[in-house]
Each structure stands twice: as structure tokens, then as C-alpha cells.
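Shared between the two complexes below is subunit A, which pairs with subunit B and subunit C, respectively.
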Partner chain A sequence: MSAVAAKPAAGGAMNPTAMAVGVVMVLILLGIGYVVSPMVLTYAPTVSPTFALMALIGVVIGGVLIGFGTHFVPVGGAPAAMGQAPGIATGVAMLAAGAGLAGLFGGAWAAEQGLVVAVVTGGIGGGLMMAITCMMVNFVYVFGMGIPSASGKVANDPITGDSQAEYKSQGTEGHGLPFVSFVGGVIGGLLGGAGGTLIYIELLSLYEETLPGMMQITSAQVMPIAVSAAGMFAVGLFLVNAVLTAYNITGTIEGPHDPKFKRWPRAIVASAVASALCGLVAVLIVVPL
Partner chain B sequence: MEPIVFGIGITALTGALATVAGSAEDTESNIGSQGDPNSQVQLAPQMGFLHRIFNKAVAGEPPAYGLWCCLGAGLAWAFMAMQINPVLAIVLGCVLATFVQGVYATTAYVGRTASLAKFGQPVYVDILKSMTSVAMAHAFIAIFCTVTLCHLINAALGHPFPLPLLGLIWGIALGAAGSATGNPYYGKERQYQNQKFGAGVPISASGNIVRFAEAGERNSIDNGFFTHKIGGSASGICFGLIVFLELWRTVLFEQVSAGWGAIIVGILMILVFTVIDRYIEVWARKNYGPYSEPKEASS
Partner chain C sequence: MSVKVEVIEGGVPHNNILAAGLVSTLVCLYLTYLNVLTNTELFSFFGGLAVVAALIWGSHTIKVLCSYGIGTGVPSAGMIAFGSGVIAMLLATRFGMLAPIVALVLAAVIGLILGYVSNNILNMKIPAMVQALTEMAVVGALTLMGFAALITGGFTFAELTSGAISVMGMTLPTYQQSFIGGGLIAVAFLLGAIAIQHPFNATLGPGWKQDRMLMLTAECGFLSMIVGAVMSFALISAGSAVIALLVAIIGWVYTYQQYMEMSKRDAAAWLDAKPIPDVEGH
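Up next is the complex of A and B:
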């Protein structure tokens, strides 16, 4: 087949076989988690036999939240830096990580107040970071460069109904952040911050229970190690899922109104597989094999 | 009452440090063309436009600053564990991290520019000598301010994360905020100063960056001088607001309603920024107007 006759690379097409393989891989990894979960009783006899499995499931849910949330973040990459395309002028994974980690910072601080409060606090932290950043991006475009916001993907803003085409300057695909992109950015920050915090809390509770028995030290002595290990795994899982999504949307996206947004089911499966594998490694360090 | 006043004081100090860090970070990245506009610096010689602009973009700003701030914080942490005074420990840690940044900048410039040899782009040794030290100086300010605010968050406000992890997190957030806010101003307003003000750069003009200054050829110190006035300040305000408001809502409202107080205040702040953003967007549409007639554009 010649290059002309070949089908165009359909970035948005779903491959059912690959999706099914992905789901099977997640189930296999969770199955391994189910098998090894009772082994942590050696170090923490008081916890439930499925304690480690629950932590692994929490990590997978957190990873999926990060992967899904990254689709909302409006990122224009290099063209946005020249006002040639809408979005924030940086990398998807970079911005999502910045917002999510700011959320993780807040969520970790609230860890003592329970899972729900910590996860919501983490989400709000990420959302707040994105709200400030998106507002300042529009501030620079409008007051620093004299350029109004315009989307290149839709004729009217889906939220405000503002027409977009006539606000695009000549020879560009749009610029700045239309309101729908701003809202997308905040939602992305919320989901990313909540997902990162969920991963951190789940791993922290696992390490707090098991590390004292494993290392033969007191709970007070184990806290810095548990916090550091859970924090590093949360940061690592964040980057894994954000980069996976960056591939899925081929580097740039305007927000939830962008046609590329419809590719999210593929990223959900990929994030679940990657998170399950990384989460299993995080669990296995406290399992006596 | 006293702990709250102490907490607010620390919060204000960290906000100020973050503002300086954000501003220095953006200026440093613009001097080194490390943000997304590096694509144009790299593209220009391929289009026949040779230049004397510094280009050290072999990593995005967030991971680069994540590395340098984590390194500075980790070394400072190690020095503090050796019973060295925290002020001295932070300065020493940041100096060493800045040397790593200098090595990175040197190898990145030489590597990126050498790859353009086939297009006739020379590696200017004088550029390497004069730009690297300026970029390192700005990097030191950014790293020092970030590591100091991380130390304050850890030691004074009691955040559970160890100093190196806080350095990594806030370094990545610093790079994300600085690149998001500052890149368009450098990419559009400075590199394409020859294009019309108040419009994006037409895609057909890509690569034709401004290469000449008032006297002689433009260099990256000129770019840092130009962009720090708006791009740098805006980046500083952005990162300062992020750090200050995140800490402020936690310090003041964390104990209200078992943690829900800080959440509600956070939601209110998001709504306030949403309203401000919408105001800016509508203001621009009203005052600048459309580029073309709606009927013509929609065809």
C-alpha cells in the first residue's frame, strides 16, 4: 500500500481490541494485588486482608482521575506562545503536573482530617492554581499584547455563546483562553489535584500500617519515611498519567469543546493499566515475597 | 491568636518570595529561550535567519525547575542535617544547584546550536560566556526564593513533606506558572516585534524572528530586559498568588468546620478569579473589537 492509499492516522479512532487487552491487563494486575494483599498481614496483623488491594484500587482510581482531568486542561504548546493557537503556552504534562502537585501539596496538609476532606482540599488546590494561571494568561494576552481570546475549534463558546471566528486574527487558529477553556482548566486542576491526593492518602495509610513492622521501628520514626515514599509515588504516578494523556491528545488541546476531548476513553484505559502496574510496585515494597 | 498571626506573617513572606521567584524564573527562561518560543529560535536558522539568541531548551521549564529546586532543597536539607545554620545551608544548596543549571545551560546551548551547523548557524563563544552567567544569576534568585519558601512551609508552617519533595513540587509549579504566563509575551511580543501589535503571529511568518537591535545584533540579555517588565512581572504575580492564596486559605480556615472552611474559601476564590477572567475577556472583545465582519469570518 502506498502512502497515498493508506488511511490517515485517525488519532481519534478507538481500537476495541486494544481497549479489551487494556481492561484484561488491569484485571490481571488487580488479581495479583488480590493474591499478595493478605501477605502484608505479616507486618501489620491488625489490618484487613484486602487492605493492600484497596490501596491499589485507590491508586488506580486516582490515576484515572488524573488522566481524565488532563484532557480538560487547555494547552496550546509552542503555537500558543506566538498567539497562533488558543490555549496555555506550555506542555500538557507540565501544566497538569504543576496544577496537580499544587493540589497534592494542599491535600497532603489536610491528610489528618480524613480521606474526603483531604481529597476535596487537593482538588480545590489544583483548581485554584489553574484558575489563577488561566486568569493571568488572559491578563497577559489582553493587557500585555492587546489580543482578545478566540477559539479555533468552535464557532461559538459553548458556555457563553460568544462568537469566536471574527476574533481570530489573520493567519492564526485563534489565541488566548475563551471562557470554556478557562472552565476546562479549572476542572482539570480539580480532578488532577483530587486524583494525586487520593494516591498519596492511600499509599500513606498502607505504609503507616506496614513499615513499622517491616523496619522494626516505632510509628513516630516511620512517619517521615512513609510520607516521603507516598509523596514520591504520588508525584511519579502523576507524571506517568499526565504524559500518557499528552500522547493521547498529541500535545495540544483547547479544552472540553475540542474534538480531541472525545478520545478520553482510550486514555482512561491506558491510565488504569499504567496506574495499576505502578501501584502494584508501590504495594510490593511492603509485601514479604 | 498568636499562632495565626505568626502563620499569616509566614504566609505573606512566602507570597513575597514566590513573587520574586516567578519573576526571576520567567526572565531566566526568556534569556535562555527555554519556554515554548525556543521552537522559533531553533527554526529561524533553518529558514535562513541566523541569529545570536541563546537557546538552552532541552527540557521544559517545569521539569528543569523541578530538578534545580529539588536539588537545592535536597542539598540544603543535607547541610542542615550536618548542623549547618539553615540560612547558610540554603544559600550553599542553591549555589550548588545553580552550578548544575550553568552546566545544563552550557551543554544545552552548545548541543542545540551545533545541531544547526548544516544551516550555517555558528556557536558564538562570546554569547556562551556572557549569557550563561546572567541566566545563572537569575536562576539563583528563583531557586533561592523557592527553596526558602519551601523551608518556611516545612519548618514554620509544619507541612508534612520533607524539604526535597517540597522543592520538587513547588519547582514544577513554579515552572508551570512561569511558562504559562510568560511564554506568550516573549514568543509573540518580543521575538515577533516586527509583526502587528494586537494580533497573533501569522503562521506564514514562523521563523522570521527579530534579530537586530538598536545597535548591532539582538542578544538574549536584551530579551530578558524587555520581557521582565510585563511577562516577568505577570509570572511573578501568578506564582505569588498561587503560593500566597493556597497557604492563606489553609492557615486561616483549616480549623473551621473540620477542614471544610478552607475548601469553601477555595471555591469562593476560584469563583472570584472566574469573574475576573470573564471581565477581562469581555473587556477585550468590547474595546478591541473583532478583526473582521462576523458574516465574512463565518463563511
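Up next is the complex of A and C:
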């Protein structure tokens, strides 16, 4: 069989047993987090005993936000580059990483101003990045390639109500970036950027408190290490969550109106497991051996 | 069930590459420990060789995984390898001399769980998925540890987070000029992530040949090692960094030549074209 004829394997079906196992795994990992959480008091005597557990829970929430948000982003892949499918012409991992890292950089600037401000700033950063990307993609589609925006999955745009079929070329699954996909992209960027920033802020506050005691240095000296380590963990977690979501939607998705969007419960569980696992490892780095 | 779109015809079986890659990566990583025993930094270049060995293994794992149409593109495999690898590697550095072994075990556990998640919860149902994600997390962690050893001369948390800066003849400890504190880890991350996903992405197709892809991986690995060796001038002595740079350049030139030979061998026809000639009178 040729590579062209081979279809991606994952269907829309849920696997209830595996979902239950996933939920149990999250609870076990959080339980380990609860046990090791008081141990960080060795290095940071002033924080509350559940400080590390709260950071871990924040990481899990951030990871789930990333996994859920990625489903909104219109990903077209290679067919979109040829004007044969709607969406932005690149892969899920690239788009999610782009939106999330743009948000992360935005949120990191606001880290000093508290959790809420930073997370909102990160969300706006990610949403802005996706809005600009979607707009320029549509510029290229409409004025560069000369194709109108039309969805192949729905008859009418769910937001504007415009009919799509007249504008769809035969033999394609639609093309361009319909309004609902644009809105989906911005929502996806908002959620992804906010999630990435939440992970970064939680880990940064954890490392700022504990690393000075662990390395026997002042809190001013520890800043570059805390920022870099928290940033690397955030990037790693982001990529893991983005790729798992990419596996969930197997390549391309048009946005929130796409039938594949209904697969999001699987991605929530998968992201929660992956984030709890990686977040626990990130917490363990400041636990005494 | 997924359809396997390509089979490995001839060539070295994957398990042999796995075993050889794992052993040579660990041996090269531990050879950098000679730095501590001899109190020099001369053996840092073994970290770069560990990078190349791990990448060769990893790119073949990507070939095994992406032979099944996973529908997300080859680069995503490299991204998840390093995303999960960096997490395992950072924790493993705290275990001192045991760091490479701990990184191996920890990354394998993380990869195993991620493989279960993608195969069962996300319903991918790809036979090679669990093993491939396990291997790739290990490859990501060991590659980053190799870069750490190449750039700083060590792989323990203390060596990666502290450096020394000399101000007017005095040597002061600094945490900004270090592998983690200076953000060099981010560069190493992407140097490895691009080098691991590029070879299969570039050579896939009906004319895929195992030796050509692996040679391209070695070439990408040495290219990354050149950049790593240049960065190491900031953190280790100039003499040691020059050795690493020379090893990297020699390795790169050799593998590049070999790769070009193999490309010419596998091409349908080869024409040594010249640049577009200037036409007179225009």
C-alpha cells in the first residue's frame, strides 16, 4: 500500500477502560505529589506544606488547558498549503508550540505582577499570535492564491450563518479560513497561552522558594536558574501536550465545528496524565534525595 | 488498525541499532567522567559523540514509528522525544555520577506512560507506539545530557548550574554563565530536536535507504556538535573546546562526504550542473 492511501488509524471511539486507567493514574500521581510536598520544607521552611502540591495541580490545569485549546486551532497541514483543505498550512505541534510559546513569553514578562495578570497576559499573547497568523494566512489564501474561504465540514458557518457549499471547489474539503475557524484559532491561542503561562508561573514560584535553600545561594543568584529551569519544563510540557493532542486529532482539524472536535474528552485525560507525570518530575527536582 | 506503509528491506535490524546506540551513548557519556578523574576538561568531546550515537538510534526509531501513518508529520515525533527527554534529564542531573543511568530509567518510565496514553487513551492503536515513545524519551534525555557534557564538561546539577567568571584576575562564582542558568539548554534542545527529526523527514519515500538516512543523521549530529563545541568556549577551557570543535568538524566533513556519495549512488542520474551562465548581450 502506498503512503498516500494509508489513512491515520485513530478513530473517534472512546476507550472507557483506558480512560478510567488514565484518571486513576492522575490520582496516583497527585497522591505522590501530596506525599512529597512536605519534603520541600527542608529547603524552604517558610512555605506551606501543600505548596508543591498546589504547583503540581496548577501544572495539570495548565496542561489540560493546552490540550483542550489545541482542538480549537484550525490545522490544515500539507493539504491546506495546496488549497485543498481549510486551516493553517502546518502541523498541530508547530501551531500549538507557536501559540503557546508566544503566550509564554508574553506571560513571563508579567510574572512579577501576580498569577492572574500573568496568566491573562499569556492568554492574550497566544490569542494575538493566532489572530495575526489567521489573518495573514487568509490574506495569502485570498489575495495570493485566489481562493475563497469555505468550510467543507458544515453547510453554514455556525457563527455568521453564511452558506459554504457555493464557494467550495469540487474535489476539495474546503479551503481558506472561514470565520468560525478564525474565531476557533483565537480561542485556542488564548487557552494555550494561558495554560503555558500557568505552568511557567507555578514552577517559577516553586523554584524561587526552594532552589536558594537547595543550592545554598541567595535568591538573587538563583533567579537565572529558576527562570531557565521553569521555562524549559514549561516548553517540554507544552510540546508533550501539543503532540499528544496532535495524535488525538490525527493531523488536521477545521476548528470547533469539526466532528473531530468531539474527541476532546480523550485529550483532556491524556493531557492530565502527561502533565501530572511531567509536573511530578519537575517537583521532584527540588525534593531532597 | 493502522497500515504499515513501508517495510525495512535488508539493512541492520532495529534491535541491533537500539542496542548499539544505547551502549555507545552510555559509554561515551561515562567517558566524559574522565574529566573528573583526571581533573581536566579534555574529554568533553565524548559528550558530542554521545549525541551523535543517540541521534542515530533515535532517527531509526522515528523511522519505525513514522512508517505507520500517524498523520501528524515526522517533526512532531522529534518534539515529543525532546519534550519528555528534557524533563527526565533535568531531574536525573541531581543524581551525580549515576545521572546517565537515572536519565535512562526515568525517561523510559515517562515514555512508557506517554506511549500507553497515546495508544490506549487516545486510541492510536499503533503496534510500535509504546516502544517507540519509550525509546525516543530516552534518546531525548541522553542527547541533552550529551550536549550538557560537551558544553560544560560534566553532567551533574552543580556543574550545569554554576560557572566561574574572572573579573580583573579574581575568579568569582556565577550562576548566570552556566548551561541551565544561561539558557544554553534551550539551544541544545532545538539542536537535538531538529537533528533527530530531519533525517527521516528528508530521506523518506520509495527510495529510502537505511545507510543513507543514518549517515545523514550522523552528519546532522556532527553539525549540531559543531555549534555545541562553539558554545563550549564560554564554559570550558579553550584547549578542550578546540579539541571538541576539531572532532566535530572532522566528523562532519567525513559524514557529509559519505552522505553525498550515497546520495549519488541512490540517485537515478547525476549531473554536475553549473550555475546559470551569463548570456552575452543581455
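The rule is simple: the second predicted complex is superposed on the first by the 279 of 289 C-alpha atoms of A that agree within 3 Å, B and C clash if a C-alpha of one lies under 4 Å from a C-alpha of the other, contacts with A are read in each partner's own complex, and residues count from 1 in each chain.
Throughout what follows, a contact is a pair of C-beta atoms (placed from the backbone, for glycine too) under 8 Å apart; a residue touches a chain by one contact, two chains touch by 3 or more.
Just so it is clear, the model here is predicted, and its values are computed rather than measured.
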Once both complexes are superposed via subunit A, do subunit B and subunit C end up clashing or fitting?
clash
Could you say whether A:41 touches subunit B, subunit C, both of them, or neither, answering first, second, both or neither?
neither
Quick one: is A:147 in contact with subunit B, with subunit C, with both, or with neither? Answer first, second, both or neither.
first
Applying the document's definition of touch, where does A:54 land relative to subunit B and subunit C: first, second, both, or neither?
neither
Tell me the contact category for A:215 with respect to subunit B and subunit C: first, second, both or neither.
second
Applying the touch criterion given at the start, work out whether A:32 contacts subunit B, subunit C, both or neither, answering first, second, both or neither.
neither
Classify the contacts of A:14 with the two partner chains as first (subunit B alone), second (subunit C alone), both, or neither.
second
Who does A:94 touch here: subunit B (first), subunit C (second), both, or neither?
both
Would you check which partner chain A:113 touches, where first means subunit B only, second means subunit C only, and both and neither mean what they say?
first
Please report the subunit A residues shared by its interface with subunit B and its interface with subunit C.
77, 91, 94, 97, 224, 228, 231-232, 235
Touching residues (chain side subunit A, partner subunit C) in the complex:
1-3, 5-11, 13-15, 17-19, 21-22, 25, 77, 91-94, 97, 215, 217, 221-222, 224-225, 228-229, 231-233, 235-240, 242-244, 246-248, 250-251, 266-267, 269-270, 273-274, 277-278, 281-282, 284-285, 289
In their shared complex, at which residues does subunit A touch subunit B?
77-84, 88-91, 94-95, 97-99, 101-102, 104-106, 108-111, 113-114, 117-118, 120-121, 124-125, 127-129, 131-149, 155, 160, 162-163, 165-179, 182-183, 186, 223-224, 227-228, 231-232, 235
Of all residues in subunit B, those that touch subunit A in their complex
35-40, 60-63, 159-162, 165-166, 168-170, 172-173, 175-177, 179-189, 191-192, 197-206, 230-231, 234-235, 237-238, 241-242, 245-246, 249-250, 254, 258-260, 262-263, 266-267, 269-270, 273-274, 276-278, 280-281, 283-285, 288, 290-294, 296-298
Which of the residues in subunit C come into contact with subunit A in the complex?
1-3, 5-6, 68-73, 75-77, 79-80, 82-88, 90-91, 94-95, 106, 110, 113-114, 116-118, 120-126, 158, 161-162, 175-176, 178, 180-183, 185-186, 189, 205
